[in-house]
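The same subunit A turns up in both complexes below, where it pairs with subunit B and then with subunit C.
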Partner chain A sequence: MSTTAPVTTPTPTPGSASTASPRRRRPGGGSPGLRLGAVLVALVCLLPLAVVALKAFEAGPSEVAALLLRPRVGELMRNTLALVALTGTLATVLGVGAAWLVERTSLPLAGLWRVLFVAPLAIPAFVNSFAWSTVLPGLEGLGGAVLVTTLSYFPFVFLPVAAMLRSADPGLEEAARALGLGPWRTAAKVGLAQVRPALLGGVLLVALHLLSEFGALEMLRFPTFTTAILDQFDVAFDSRSGSVLALVLVGLAVALLTVELLARGRTRYVRVGSGAARRPARARLGRATPLALLAVTALAVLAVGVPAWVTGTWLTRPEEALEPTVLWPALWSTVRLALVAALVTTLATLPAAWLLARRRTWFGVLVERVSYLASSVPGVVVALALITLSITWARSLYQTSAVLVLAYVVLFIPRAMVSTRAAVAAVPPELSDAARSLGDGPLRTFVRVQLPLMLRGTLAGSALVAIAVSTELTATLLLAPTGTQTLSTAFWEASASLDYAAAAPYAAALVLLSAPLTWLLLRSGPEEHTP
Partner chain B sequence: MRRRTLSATAAALVALLGLAACGESTLEAGDDLDSSKLTIYSAQHKNLTEEWGKEFQEKTGIEVQVRYGNDSSMGSQIVQEGASSPADVFLTENSPAMTTVERAGLLAPVDASTLAQVGPGYAPSSKDWVGIAARSTVLVYNPSKISEQDLPSSLMDLADPKYAGQWGAAAGGADFQAIVSAVLATEGEEKTAAWLDALKKNAKVYQNNIATMKAVNAGQSAMGVIYHYYWYRDQALNKSGSGNTKLHYFKNEDPGAFVSLSGGAVLKSSTKQADAQKFLAFVTSQQGQQALGTTASKEYAVGRDAASDPALPPLDTLEAPQIDPFTLNGPEVISLMTKAGLL
Partner chain C sequence: MTALRLTGITASHPRTPVLHGIDLTVASGTTTAVLGPSGCGKTTLLRVVAGFMRPDAGEVRIGDELVAGPGTWVPPEKRGFGYVAQEGNLFPHLDVAANLSYGLPRRERRARERVAELLELVGLPAETASRRPDQLSGGQQQRVALARALARRPRVVLLDEPFSALDPELRATTREAVADALAHEGATVVLVTHDQAEALSFADEVAVMHEGRLSQVGAPSLVYSSPADRRSALSLGEACFLPGVLEAGVVHCALGDLPADRRSGAGPVEVMIRPEQLRLADARTGAVAPTGEVRHVAYFGHDALVEVHLDTADVLVRARTSHTPPPPVGSRVEVTVDGRPHLLAVGSAPGIG
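On to the complex of A and B.
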């Protein structure tokens, strides 16, 4: 899951009116078919976790203990935790700082910076890492890993925090000031409290991406659990020791989710009523303006300038002609896999989204959360599990693209779920009722009324999945059918032999394919911005 | 306006999906395994395997498809796939992975006429597989970082604390693991374990041989343990990754002079035994061995009548240790390296 789109963004909650509504169950709203579908999807998402656990414990606790309690695991744990702590902190500082400058100060060209600070998401971390290794050939270890991953992942913090700062109710801060708090204490007590959920969500995303990052870290010679699992795969294919390491990785992911949940606490962040319909005031930077401009320029140059410039120079070197015979098939495989996976993933989100949009029951929430949990598991774990599964129990599927698509579905379901839920929630039940009462059957109602209304939202979700798929590396490396190469795996192969010439076109294609992501993410914020 | 964009987007999406569905049957890239073709599991280099596949197809009309991977990974994969492995032919870069598959009893005997095409000592006594190429261990060094007279005289001397931080290797790769298996075969378990501990403490672990060589070239490491052909290949191209470096051959039957044998075999479970045997016969034939030269792979030829690339020092001048490549132990090496914390 060394990819770039957020796994969770603030989830749209259906209006409280429909939750508390005493109305009868809508046609299809909670039908057994839908429930069955939702449960099936959730079970499929859980399958990899179960398989990895089974495989790891196959040999009994003593062997598991022997595999776990060795210095190498300690080293991997230290590396992984240090990376999460350092990059998490730096990403918070950069993300919150940049978001505040862009949204709450008189910084010139706010619109430009807003785009530039989301743009790194369009550059896969393993491409960024390769670019930085070209600029600083000695870059390696923890320092290198922190540098590259911070620059690649700070937008995960910037994006939600900026959105929150843009739309937050200025009334609270005004009240705090009126009650005698100074500007700094207001920012600390009220401002920080308002952005806390967005910040926590963003940091969680950064941490989950760090757990699953492979390419960037392998290149920088910084071993973590994910790179070690791939080493195990190289040595022994589908091995027990790999599964034991994978289980530790799952444990770490679950721990992160729990910590985030606890840190979020029970504080209510909602307000009653529509609040003040005003933009928050912007702090005047005054004479600090040049300094602030210098800071944002430096960040933009490091995060976007360096990888863009390096990829550009690779491309323009004369001896490095494009090799269309390799590029086109890889591009075509990538696009095909991305489209099929996007379609299947979106379809898979429909049952749960439908259940949740109509009625927020514990059942629906459980089904949804289960799929989120499975998706926060790194791609390498899902891939390993699906290999075990297909080689042992489903040989007809072994090494087929069906298994690869299944991995993508499990990994990227939350991206589609967010949009699908919003889309389903946007269909007024009254319209369907009207269609039904006028004589349309359920299918006809779906096609004529519900589908057109949902199309826009589900398309956005599908696009997010498609982009995630086209830059996925780890699961694709393990699961690609014989003869299939995607842009990421082709880039990986060329970059592993440090062949800049061969890697450049794939890098450029990957960036071009993910570029629409920036646009989609900017547009899908909770509120359209006005310049 | 918005509605129109929406319908256009939807139409485009449907069209693309339709196209994707059609592609399923018409396009080669991305297709799932085609059971009518001869399937080769290759841990050998891509351009070399491709050249063999292409020339074989031209010569015999038999279509091939290749799945690429690494020695150890693919060896274990075939063992796990067992009797229903999709592979017909297995090609390795080093012998330990082949031995793993052989010991699992999954290989069919190689045709006698094929075995007769390679020189003596290039096939195991079981005749279950055949050598297809060879490569030599070398020490690549950067003369601006370490002078020739300061170089270690044996691979084992790299464990000396005076070389701490000065050398690197691709310890996670099958190539290096084969070299360790040679150390194990010549020096025994205890010395090997101590040497691996020193490696863990003193050496930099790189992603692969090329990364190791380029790090030495850039002066980030003074020395690196690699196979010879990466260096000769770069020298023949533009020297961008090796221009600042030289090679040191340990010779003297040192484990660092180990010559590793790449292997080819037919899977017992293959339903295309005759075609698979033909492929091995082709690879070891004069034409097949010449591909080692035409693809500039710079690996040593093992065919009876095939000459190796003239840029290489002849194989019989390398004073390689007398190691039986057919007894090299993959699993024990991996367990030793795991104990040393390298894996």
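On to the complex of A and C.
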């Protein structure tokens, strides 16, 4: 799992069912080829989980218990849970508060704040922690970890909640007022209910990212399961003890997914009925405006200003400035990996997306959920599992880009899946009827109608994957072929040896590469990138 | 000459049978409307003709060519029909000209004459050619969809509720434009609809469909005035049904002794009366016709539907009257029948449909 872009978790798409009413059934909707492809992709995604389970099984219950009941595991568990609880709470407060101010009040410059509060997603957390440790050299431990991760991850809450607040139907709130509820109880009963799924999804993303965060926490010397697994791997290739830690990590991820799923329930919160929704009314801030402005400015300075200023400062020191040419090799291998991984990932989503968009069967849903679950597994677990697999079964693939690309596919498939599915669903199946009636066979119909209509949608997903890949650190550190440096591993190496001037250009390049992410995320609707 | 012939068509969705032995013949250059409530299988029938769906049994012939039957399957693109669906289904990534020429051979796609010709045919200005589908109104989209369907001069044009997504005003004008264009091309048309007025006014023949079966096929006026059964009667318009006894060409019922629409036969029958067949007058003492009390009035401006409880039997009948003002609720009226009522075989209890 990368540290910068959001992961998508299981989400039922409201629109997809309507394209598959029984009388419009497509005879070729579930062709064996598509199904086989979808199953293969799901199985590949499940490989890391299978390896972890197998290792634990090999070790046997007594050894697993012995490895689990060490005081070290208890400490890691306390750290991880404290981090998730504190950062989760703070991110909720900041995300919801900022979203409300931006979307529902008379706060000036709403458009600017909206961009600024999504922008931290374009700054990898490990770059952010590097910036903060430069500003506050003594920053480490739980306090530092909470500070940096909150500032890096609160946009995961802000983005979906703001989108929800923006699109929520004011009619519901008006109805509540008409039924005799005051403004505060209306906000509590209706507003909160409308925001709840977005908030839960956002907090889940924060928590999953915290579980898999390596770079920022390692830099701040705050050990969690992920950093411990990597440390262990560095010390010795002792995969048994590492696997048990990985097992705990996977267990935590699954627990989080389950809690979120249960908390979300099955209720519908979107408006029922037809007619265009109106824009919600905005609360007048009046004399509180300066205070609100101060708050959002402070948040923007802390989350975006500090990393931008630090990177800028290092970059502009003439005596230590590096030639930009040193960036080329890392930039080239990053771009190459990102493009290949984006292409492969998007192709891998096609079978399941096609099955799901056409008809929502248990089979399609299962395949999709499996890939989502597999992608919630932290990158370190995926990487270690792929190392084990390639060493055991495909020695020649060990330490090749192929394995690395495979890891990216497993980690980032949901990002592309959401877009591909939306793209496929956006092509009405009736259009192919029209094309057939005009004399085109299935293949020509695909080329002349479906492909052109899908292309734009899938490009957005591919871009998300490419950005995620170019800022991925954990799996890349473990799997990159010897001698291959990406921007993030080069940055990591330089900052680990405290060579900040050398690290800065890579940080700047990483931020520039992920900047379009802000635009992609702002452009898409709430249903596209949040659970 | 026959343009389309269906014999014994049976079709089903997984686990649900939809069509049960449909037989239908459409003569060249005529328009047939398949009329039925939603879910009766009429769209499935159209999809079987188009080849979007395979029948379980039966044969489809377009012209003289067998396109679906035992051991024969011609894919949709080789069947040579035109197709217009409810939403038009214009290709959103292509402009109107490209939509219209989509099905033409590559050489003709370049030539703009056919596009201009087609636009003129459906009554759209020539500059529409460069517009994109999302810049057109719903009615314009449907006209372009029809023009596109006619571009390859198909043997049969299939229309799947092409007007139902339009609002009422647009529906009427679009329907006229489409009917004119189709008539100009001399096209053979199968229209599927749930709108009785549309079916009756648009088609030369109406096929009434219920639960996957055609209950009656015939000229609009014939199926309207002499429906085969109660359900067909109701799917074509309002009607009420009274029990009666037929005897020597006269039927005895709650509305008196009326001349029947057939001479032969005797015994219990069901008398079907359309609201416009009833005439209302103030009830005077010594009235010969049956009398009753007005129970409910729905006033529409051009006419009104008046529900009358007959004294002769505990029965409600509905009359359409253009009298202004209509008789008030509670008033007493005399009810007479215009013309010969249609008789049905005895099916079920009397009442208002």
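Here is the rule we go by: the second predicted complex is superposed on the first by the 496 of 531 C-alpha atoms of A that agree within 3 Å, B and C clash if a C-alpha of one lies under 4 Å from a C-alpha of the other, contacts with A are read in each partner's own complex, and residues count from 1 in each chain.
Assume a residue touches a chain if its C-beta (ideal position, glycine included) is under 8 Å from a C-beta of that chain, and two chains touch if they have at least 3 such contacts.
Only a predicted model underlies this, so the values are computations on that prediction, with no experimental measurement involved.
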item: Contacts of A:436 with subunit B and subunit C, given as first, second, both or neither; value: second
item: First (subunit B), second (subunit C), both or neither touched by A:449; value: second
item: Partner chain(s) touched by A:39 [first = subunit B, second = subunit C, both, neither]; value: neither
item: Touching partner for A:428 - first (subunit B), second (subunit C), both, neither; value: second
item: Comparison of subunit B and subunit C by subunit A residues contacted; value: B
item: Doubly contacted residues of subunit A, that is, touched by subunit B and again by subunit C; value: none
item: Complex interface listing, subunit C residues touching subunit A; value: 13-14, 16, 43-44, 47, 50-54, 75-78, 81-83, 85, 87, 89-93, 102-103, 145, 148-149, 151-152, 158
item: Touching residues (chain side subunit A, partner subunit B) in the complex; value: 70-72, 75, 137-138, 218-219, 221, 223, 228, 231-239, 241, 329-330, 332-333, 335-337, 339-340, 343, 391, 395, 398-401, 455-456, 459, 462, 481-485, 493, 496-498
item: Touching residues on subunit B, where the partner in the complex is subunit A; value: 6, 9-10, 13, 16-17, 20, 23, 27-33, 39, 46, 65-67, 70, 72-74, 76-77, 80-81, 84, 86, 172-174, 177, 204-208, 210-211, 214, 218, 220, 241, 334, 338-339, 341-343
item: Residues of subunit A touching subunit C in the complex; value: 22-23, 25, 27, 428, 430-431, 433-441, 448-449, 452-453
